[in-house]
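Just below sit the structures, each encoded as structure tokens.
Across the two complexes that follow, subunit A remains constant while its partner is subunit B and subsequently subunit C.
After this line comes the complex of A and B, so read on.
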């Protein structure tokens, strides 16, 4: 097994002994101690260093591309940073959800196409528990968030108990059905305008409602009441000062704070899921994915293990949903259409299902290259081109113009309809990926599910 | 067809208890003659077709028992019924004196009654090592909490280290140690048979039900597999195997059960079965 040799940092740490003693060597020792501690935490077999390198590389590439596009749009420093912050926020939100889906699909082989439903349940539970007058019961936001995760987990359990006995494709239909049932339940009058514990509550019957967000906690770190115009706190004052040196305004600094919270959530989820991946539990999950009957023949209680992993994944989807969709402080049932699930699945396939690092890379690549990047293109073209070609009204007219060797109408049409073409683009990329890279960008990595090194123990001969 | 064969082969349809109660002298290597597996009156219908029709036989402790019969005789269905993969319409299965009828497959496997499959069912996208590491029973780290929570992981890792030793011994024993890092999907058919047998063996079973373990295995490997089975039998394991190769059954089994059209046609020692006219007629087409 060559796992260790792939690890970044191992090679660099080699000549450590020869270093003359000095501050640099001390620092290296300190770094080494910390990385050892992380390694111990992540599990002995964890490839977190290699993972970190892969994720950072993907991040740098996407950042570079988006920075270029943002610059091409003619944005100033603040605008560029704001674009990157927004990008980071979305990448982290996707990263979290893709990680959760990877536990279902990549590990246990559970074909969950109702991700949006589990997100939705958590978000609306949060609204019900912590929402203000007219929406919810007004408990603290952290109570609502825990309740949201519990609700998503409970819905997962409810779905799993009968449905996990079904074949994979029927299970998929059940999850999709549940997601739509949740969406239409929230949209119905049935959950609107009630009196609970002496308060008016309601989930809006389809229209947008005010939803509390963990962002409130983050924003209050920066200013007294959480709005950008209020008096800054001590921490806020320092950071705003720092930002102003680079020409970055207050709202951008504050949203960077919230993006950072999501990044931390992704890291925590990664640690949790890595511990599962490199454990006997993760091994049984993989065995279930490969051949559930064979796993049963080995005495593994597959139903129970599937339920545990499904419920845990659902709770994480709930968390992802709340951190993402509640961040605008307003939410409607139709924010959880099946397309949301589809995008998360595409991101997982892009990165490589079955790999936690792949899941995060998938989130980064999908948000950067498929979701946000293409949407920025029209404004770049508008900015850079003297005269933007006139678009035609239909693709038919644009294509027939090609007959006259005139490509401009097609370009014009594309710019005007980028949202439409973007979906087409996602589909094309998905097909190409399935054909040429079915294991995702990270390919087929050997991530051996075990808590310890499986190579032949020392002291044994080879025959 | 004789009604009661003079050579002492019991006609199963008239005396299903014979396996347990017969006082045949046990060949060397057998256990004490107690039945570890008692199958009584198993029945299974699929739609209108009766696949298994009142099958009863015993498997004695420490024996290698062969289950033979023409295609469609109900051998594999009987395996599925015994191991809980298919629910029986009627009948009972007792293992080690305990009624295991109707238990879930994993419960039956945990009880020590472990099967392999006619078409191998390895975990293709897992390495050979991972395949084998999955098998050992009662792994601490199979609890989600113990795998994830801080502080509890030490014990998991310790046990994993012990398992690694056991797994490598098994790899050596089955002579597939050179394939340890390969994905199971890249193994040849014969190697998969070895992997599946090794994996079943690692579950610490008492009785192994092997469904055509030699199918598609080359003669050299077949010899090795059989040696392995005899070694393990000497250590106290019991085997029930479905096999089509008559010579193999005759040479290696202590007892043979013949199934035909969903029922037990005859059971006895290999020599007796070889000479049984009903068996010859039904199974061998009367040409032997």
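After this line comes the complex of A and C, so read on.
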């Protein structure tokens, strides 16, 4: 593969380089040298192997870090494994959604920041179609999931109509608007009381409702009725036995099963999207992203291809939403605030838009390093530090204590508000990425269309 | 008309024309229905007046905030997603100043500075109303503007300036990062509680010859400040050299450069004016809503965006007009829709406008 090799010449003399001075720029050059060397080395391997290698190394890194943190929290074996299972589940959920978003933004250049809305539509469709007891139609879960994906795709089709005539930033605002319209609609009392096909729609009007989940299928592989106390099935008995050797209890084993299902879903989505990306269809998509006019001039049906990819991505977002948000068997409209979309977007940018492997790596890195990792810190500090400073009520008291050279109240206050700092940190990372590495860790933004590498040899530049 | 003519006309019909016709019919229906409701008395004229007035009050804030958003869009060429959090910045800094001015010495400084995070002292005790503490309320406006400008300039220096030559999407994504930093920094400093800030609004009876109406003085403060600022921006754009340069730069950046317009200085002025108006808009809206939280600016961003897009992004007058329309639609839609759905109607209106008139109502001429 010659994908990344032309990045070397480009980055060395790019305009971004000019405004940098000081030790930071030295560090950046060193870092870039290393990353370039790695990408160059990987360029010699086959795409699949290289992708797998990057994903695996990211995975090992994040697992090691989280294990360390979990151990620092003073958790036992079961607790550590449970943390890792939860982590895997989230990484897979993000991976799936980032892959779908990558199809929109990375390949088709459609700037969709309404991901949460498409997820929401799918989840609530699932709740209506498969829900029982007074509300909902009571169909099997798999029917509900297909209906959910279809609903998300249909909304995507509707949203794609204005997409064809709008600039990327306008389109972004339209998708955000659509996501908010969905959220308002789901939250409305009026919709909640409405009847469809003789059944109350019952979307909860903002409060939590029950939602069936594909997790039920997985849980029933382990025990008779899907609860951890029931009699285990044959498979379940073996796995519980295996778990008990390591001191892992039943619920953990069962949630590991569901996390595994999500991992499989990510792999399937990856294969599907890679096939698309390297097909003639995918090449047209990239052509549209780079220069729509040129693609049109070559007779490509750009509008139709954009709509197809957008709709497919929306269906995948619906699937991701259902696998993720329905897993607790309850859901509320406000689980789909715009921040969900932005988290997925940050994960995409971290990994590098335009690369499917990058999307998965982005999901892994985001969940591990930006989402779960920082949130585990307070408990690690509580466990490791004998006398954790008392958090003050407001920052004013903490800062005035600073006047008396006492930094402890400020530390205490920061620990108490670690979730705010974690989100602030996400913002900082996003800014730094845009400033220093806009292509993310594995961006494929420059791909050579020719069979042979036409880029200049290293060291040779225009001036 | 012959059959072939009909067929030709039909085949020339485009999707958006059909959709447009449907929307037009729907709008016509709504107007007729409104008249019917007024005639039959289901809806009294005074209620409608009340809805319209509330819509104008909120719409003015959307318009005021939209001016800055529209300016950054036309001159810096990106959709600034941190604009909502500039509103929050003005909101907190301004009210912090107002509380300190009004209650200095009498109350715990921390509680005043952080705008009563522990719900102490009460707004009534401090006298947070325009009639009892006019200096504090007006001083808050000034501080809101100054502080927000400082924050916006810092963001420009640290982030946006380094991305000047990048694509508009790169800037947009960076602005999302800035929005996160601002929002959670504000939450970290001021805590995340939702608290009441101004005291209940004083009212006065106004006699205009034959009719007399009760006027909410806080709403009046908001409306008068917003209109004064809008007129100010209009005069600045039309009659000063800076305004001409700004319009030139919005029109054609390169041409402006070769004519010798100091583009960086115009960018600076854009941030100063845009951020000041955003900060003031954020400060003023509290007079209407009565409470503050750190997410308020972010939730306001989408309607403000909707207004700007509706009016035509890049056009200052469009931003004002669009803001007013969004505000009025949001309030008046309650005649037909449940309370939670009115904002959805406003967003839907924005989407429809984008389909039929992507350049917005006053767009096309991309001059401020």
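The rule we apply is simple: the second predicted complex is superposed on the first by the 374 of 463 C-alpha atoms of A that agree within 3 Å, B and C clash if a C-alpha of one lies under 4 Å from a C-alpha of the other, contacts with A are read in each partner's own complex, and residues count from 1 in each chain.
Just so we're on the same page, a residue touches a chain if its C-beta (ideal position, glycine included) is under 8 Å from a C-beta of that chain, and two chains touch if they have at least 3 such contacts.
These numbers come from a predicted model, not from an experiment.
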{"item": "Which of subunit B and subunit C A:420 touches, first, second, both or neither", "value": "second"}
{"item": "First (subunit B), second (subunit C), both or neither touched by A:184", "value": "second"}
{"item": "Partner chain(s) touched by A:342 [first = subunit B, second = subunit C, both, neither]", "value": "second"}
{"item": "Subunit B versus subunit C as contact partner of A:306, first or second or both or neither", "value": "neither"}
{"item": "Touched partner set for A:396, first subunit B, second subunit C, both or neither", "value": "second"}
{"item": "Footprint overlap on subunit A, comparing subunit B with subunit C", "value": "none"}
{"item": "Residues of subunit B that touch subunit A when the two form their complex", "value": "83, 85, 104-107, 109-110, 114-117, 121-127, 129-130, 133-135, 137, 139-144, 147-148, 150, 153, 156-157, 160-161, 164-165, 167-168, 172, 177, 180-181, 199-200, 203"}
{"item": "Residue ranges of subunit C touching subunit A (in the complex, touch as defined)", "value": "15, 78-79, 109-111, 113-114, 117-118, 159, 162-163, 165-166, 168-170, 172-174, 176-185, 187-189, 191-192, 302, 305-306, 309, 313, 338, 340-341, 343-344, 347-348, 350-351, 354-355, 358"}
{"item": "Subunit A - residues contacting subunit C, complex", "value": "15, 19, 111, 161-162, 165-166, 168-170, 172-174, 176-178, 180-181, 184-185, 187-190, 342, 345, 349, 393-397, 400, 417, 420-421, 423-424, 426-431, 434-435, 438"}
{"item": "Subunit A - residues contacting subunit B, complex", "value": "1, 41, 43-44, 272, 275-276, 279-284, 286-287, 289-291, 293-302, 305, 308-309, 312, 354, 446, 448-454, 456-457, 460, 462-463"}
